[in-house]
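You will see two complexes here that share chain A, one where it goes with chain B and one where it goes with chain C.
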Partner chain A sequence: MTTATTASPRRNTVSPPMRRRRSKTAKWSALFLSPAMIVIGVFTVIPMLMTIWISLNKWSMFTSITDMTFVGLDNYTRLLGDASRMQAIANTGVYVGLSVLITIPLALLIALLLYFPKLKGKGVVRTLLFATYVIPTIAIVIIWGNIYSPGYGPLSAMVSAIGLTPPGWLSDPQWALLSLVIFNVWQMLGYYVILLIAGLTQINEELYEAARIDGAGLVRQTWSITIPLLRPSLVFVILMTFVNSIQVFDPIYLLTQGGPANSTNVVGFEIQRSAFQYGMAGESSALAVSLFLMIVAIGGVLGIIMKGRKR
Partner chain B sequence: MSAASSTAVRRRLGRSVQYVLLAVVALIPLFPLYWLLISAMKTPAEFSQIPPTWFPSMPALEPTITALTAVPFVQSMLNSIIIAGGATISVLVTSILAGYVFAKHQFRGRDALFWGIIATMFLPPIVTIVPLYYLVSSMGLSDTYLGVLLPWLANAFGIFLMRQFIQDIPDELIEAARMDGAGEFRIVWQFVVPLLKPAIVTLAVFMFVYAWNNFLWPLSILKSEALYPVVLTLNRLMSYTMSFEYQNVVLAGAVIASLPTLLVFLVTQRVFVAGIAASGVKG
Partner chain C sequence: MKKSVLAATGLGIVAAMTLSGCAGPAESGSGSGAQEITFLTHWGPDQVAMLEAAGDAFTAEHPDIKLTVQSVPFGNLLSTLRTQGTSANGPTIVGAYDAWLPELVRDGLAARAPGDVADDVTANWPSGVVTAASNGGDLYGVPNEIDLYALNYNTALFDAAGISEAPADWDALVDDAAKLTTGDQQGIGFITGWNSGVVHPFLSLLASNGGTFLNEEGTASNLTSDEAIETAELYETLVKAGSTDTSKSTANANTTGPYLDNFVNDKTGMLIMANWWESSLKDAMSDRFSEIATAPIPVGPSGTESSSISYSWMTIVNSKADDAKQDAAWQFLSYLNGPDSGENGSSAMGDILISMGIMPTRSSDIEAHADTLETPFLSTYVDALDAATPFPTVLGGPAATDALQVQLEALLNGQVDAKTAMENAARDVDAALAAAQQ
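And then the complex of A and B:
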């Protein structure tokens, strides 16, 4: 904010000493930017362009890159005809959709509970929730792999205790993907709760007081004040949930390897498996580009929603 | 009953409901963590009981000791410290320098360049894993610490976070330092860095946790077990002990591998959580 207001008049009236100083800092701008720019350029931007190029070629990762042959959109048309990989795309859609649908309402309810009432111990609960975010995913995989294990695991024991027959969780094609979604929600919930609480702190208290004087109840206040004003934070959190869950890899690789019956095969896992296990770099890259396009599309839609609201 | 006392009752009832809800929410993170801890302390015999027991009848250190000795666990913890520590220091330096330029220097195309970098924040690493592997191995750096570290030496989130915080530093302060003849390096080191403590803590913890926990990239680029970070060693321990009686050893390993990041988080959590929160609302 301060930079915008003080910098713009300066730009219009460049005094001679100012201009000299700017050319002097130009050298420093370049010097200070170059380490970050080189790393991001070489290890993110160039690989992105290479992914696009490789996706148009046939290349086995196990051979030299000189063996690469241009095949145009072949990898993409093959992708459309490959039932297993198309299912990976569908599974990713379900995984992302369920993650968003479960995480966002749950995170919002918890954020409201942890922000508004004056309760003792909410700080501790917030810390606990956030703690799951800093534990290595593999450790969480191990915990949940055990919780889900039929017979030995507590979840099956609890379900049996109330007289129901527990499903095979990760070994049941009907349940496996949902079990992985629950795992993801558990890991990321605290992070989103923190972001939403931060959004809640931005809302002017006086609005609630005014609403209360007008006789609005808690539900009405939440619906008419909190949710609309929290929209930027909500959109941001939806975007983060989306970007985080669309690239899921670790739990699939470690727990299910895409099974049973391809029910947990997702794009992130298929990209890695196609390339590193089967060597099919072209097919893998075509999937990677598809994943990237999905992110751009959803990001665009969320961006438009954000812009529309600001106006 | 008078109206006043009925509202008092209702308020107390509301409060109790809120506390019950709070307790339920607390159980979400607590139960799996509790289960991890007690399972890691069960003897193999107790561990394989059906149905499972809810308290370890004889808390045992044996699974922890087995985890530490069955695979080079200590070595891999050191490897993780080197990798995560190196990445953290580098990201701090590159992000502060770039964030300073984006916040306080003027040049044509600055904002376009900045938003171009920010866009890379939404590019999942899995999308570029194949060419990244190819690039790093053709540099002859596959199976080295440097190979693991190179892509982690700078990132868009760090630059974004630092720019946000440096923008809040008054321009007058930097102008005054320039009047006094301080060079750009000295301005950053002597005037900017001391004001960035919360941002530095936030970014350091974030990057340390990210590099410590990352599984995909080391899995792709490392071959020698001597170089494995702890997450890969834990994976090896998992495949070692597929038979069920030893799963308590894997769980004990998971506890040990999680301790450093949990510890770092608990020590810094006030600053870290506030910093992460600020990164979301200021965006």
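And then the complex of A and C:
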């Protein structure tokens, strides 16, 4: 890493030819980076700034931009007073929390099992697990719509077979969100397992050998070697689970439309509904900005926790 | 220096390419030459084929106008209309629900009908549906279908339960629902997961109990009225008696799903549904369709006569399309809805609608299909037309519908009592209307 900045006390130690070379490198860097920067600017930064601006206006999005009426923070205060949208935010929190809490331990457990050297057929299992991630969501949603069907769904049949009364998976407000979490875990688990297995391969086998010589058992090895050294992969998987689940939209749109009784309404779905069903781009943008702030805040907290633990 | 120029040129090229990409493709079919118009609908393959055939017949007479049909599930129709309709290259003609019209007009997505089309519609359609296709006194679409809700029941299950006739009032409805509830069979089904399907049956019962959804101005709800609370209490009674089961009543994106499956598989004794699903019932039940009968909405304790919620559909033209395309679209709509495009004096539109069990609205279509409209299934709906309560078409209507749906679903799932459900619904509906109308 270079320290040759204008504030550096060592700047005089850099020779003129070196400075010229760095200046040339900077120009080429700017040239090569500029296409990406322009694309990011046009398609990411400007829309984000526009979204923030629209959230301060009343506008339907389908009329001219000159028809915007500035309303300040009205869209945000209306959100706070709207029980339905506040429930969407709460539902999103529950969905994210359950997804992370179920997915991470399960993915870690499966990854550890599949990394076990003596296990036969683990290649097939890995492929099958990853297949759920590769299949298009629309296809999986249709399949799971049938799996959850109360009349002919296999899940209800299995529950009935063991003498229990199956719940209304998608029709009961107490079960619908959990049913969608189960779907999400099933769909994404293989992807996270593969990421964790990749992390496991980076751990030096000699550490295990040394631990075994010192008399450490399998649990001790896992707890004292595997988990600490797997932390970069675990942090990445936690962040991916968090981001993936906070943006959930497809299964809600295709399976429940936010119902029953608003129990599966999440922020992503409500953003779409406000903008495209009701023509309220201002309120929709306020929700989008709120979601963004939630992601930044929770992502920041996660980052701080992980950094703190690293120290 | 040369490298700086090179870098600046590179940046300029990238910027120009990016900005030109943002400008979008050049419009096709614009100007006064050959026109390609698109018709966005939610109809199924059979009706799309009939519409395409009408398009081909029209093109034979007007070689400079070609029609393409685009079909999406009902659940995606409004969002597709809103996202694609804002472009000049979006669908030129769209089938639209009358409740959506105020917002489509506000957002400039619906073109005002030209004078000759408005004159034709005014002369050949009943005034009620002309009003539903109008906003602020101007006509915005050619009306095509009208739908109402009625009690649908399974006569085989009625016979098995020893019930001789359909319930005419709420006491009989509750009694019959209890008799029909046995084992894996629910007495009456109330659909969930689809806003109109949830709200319209409730509002039909409310109308049959002498109540209304909104005040006369359409600016606030009437859901804390005695009539509305009584209607909610009817739901509560049926839920507590176990006569209705939400797990058998969810809809999918095509507004059927388990709700239809359970009815056609004899697991639901009664439900309240619109006439348009006759074709779905026929497809699913085949010969057993004859077991399904229809009856007027049962009358509530505060009501005097049965009244069904009615709503209509129309075909609108995208106001973002250029003038030549709009003109071609109105020409096609005049043909499609005219008495010469279909069979035996019906319009092609009338034939398409009747193939789904949907009532057409053009007076000559009603005459041409009089025999079909007198079938046992449809005649109940036709008879209910006079006393029907039109669903209010006001700004904020879709959001208000969703707000009521949430509370009805909570009520059906036993999460709230009747009074609380109506108070919550009134609060949320009022907020939705205020947000849209301010």
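We adopt the following convention: the second predicted complex is superposed on the first by the 270 of 311 C-alpha atoms of A that agree within 3 Å, B and C clash if a C-alpha of one lies under 4 Å from a C-alpha of the other, contacts with A are read in each partner's own complex, and residues count from 1 in each chain.
We adopt the following convention: contacts are C-beta pairs under 8 Å (C-beta built on N, C-alpha and C of every residue); 3 or more make two chains touch, one makes a residue touch a chain.
These numbers come from a predicted model, not from an experiment.
**Student:** For A:Q221, is the partner it touches chain B (first), chain C (second), both, or none of the two (neither)?
**Tutor:** Neither partner.
**Student:** Using the superposition on chain A described above, determine whether A:L254 touches chain B (first), chain C (second), both, or neither.
**Tutor:** In the superposed model, A:L254 contacts both chain B and chain C.
**Student:** When both complexes are superposed, which of chain B and chain C contacts more residues belonging to chain A?
**Tutor:** B
**Student:** On the A-aligned overlay, A:Y278 touches which partner chain: chain B = first, chain C = second, or both, or neither?
**Tutor:** In the superposed model, A:Y278 contacts chain C only, not chain B.
**Student:** Can A:A157 be said to touch chain B (first), chain C (second), both, or neither?
**Tutor:** First partner only.
**Student:** In the overlaid three-chain picture, which partner chain does A:G168 touch, first (chain B) or second (chain C), both, or neither?
**Tutor:** second
**Student:** Contacts for A:G190 in the overlay, against chain B (first) and chain C (second): which applies, first, second, both or neither?
**Tutor:** A:G190: touches chain B, not chain C.
**Student:** Quick check on the output: what are the common chain A residues between the chain B footprint and the chain C footprint?
**Tutor:** In chain A, residues 35, 39, 42, 151-152, 254, 272, 276 are touched by chain B and also by chain C.
**Student:** Can you list the residues on chain C that touch chain A in the complex?
**Tutor:** Counting only chain C, the residues touching chain A are 3-4, 6-7, 10-11, 14-15, 18-19, 22, 75, 78-79, 82-83, 85-86, 103, 106-109, 192-195, 246-250, 252-253, 258, 261-262, 265, 267, 396, 398-399, 402-403, 405-407, 409-410, 412-413, 415, 424, 427-428, 431, 435-436.
**Student:** Can you check the complex and tell me which residues of chain B touch chain A?
**Tutor:** Listed in rising order, the residues are 15, 18-19, 21-22, 25-26, 28-30, 32-33, 35-36, 39, 47-52, 54, 93-95, 97-98, 100-101, 103-107, 117, 120, 122-135, 138, 150-151, 153-156, 159, 167-168, 170-171, 178, 184, 188, 209, 212-213, 215-216, 219-220, 230-231, 234-235, 238, 244, 247, 250-251, 253-255, 257-258, 261-262, 264-266, 269, 273, 276-278, 280-281, 283.
**Student:** Could you please specify the touching residues of chain A with respect to chain C in the complex?
**Tutor:** 24, 27, 30-31, 34-35, 38-39, 42, 60, 62-63, 78, 81-84, 145, 149-152, 167-168, 170-173, 254, 256-257, 259-262, 272-273, 276-280, 283
**Student:** Using the touch rule from the top, collect the residues of chain A that touch chain B in their complex.
**Tutor:** By the definition above, chain A touches chain B via 1-3, 6-7, 10-11, 21-22, 25-26, 28-29, 32-33, 35-37, 39-40, 42-48, 50-51, 54, 61, 65, 110, 113-114, 117, 119, 121-122, 124-140, 142-144, 146-147, 151-154, 157, 160, 186, 189-191, 194-195, 197-199, 201-202, 233, 236-237, 239, 243, 246-247, 249-250, 253-254, 268, 271-272, 275-276, 281, 284-285, 288-289, 291-292, 295, 299.
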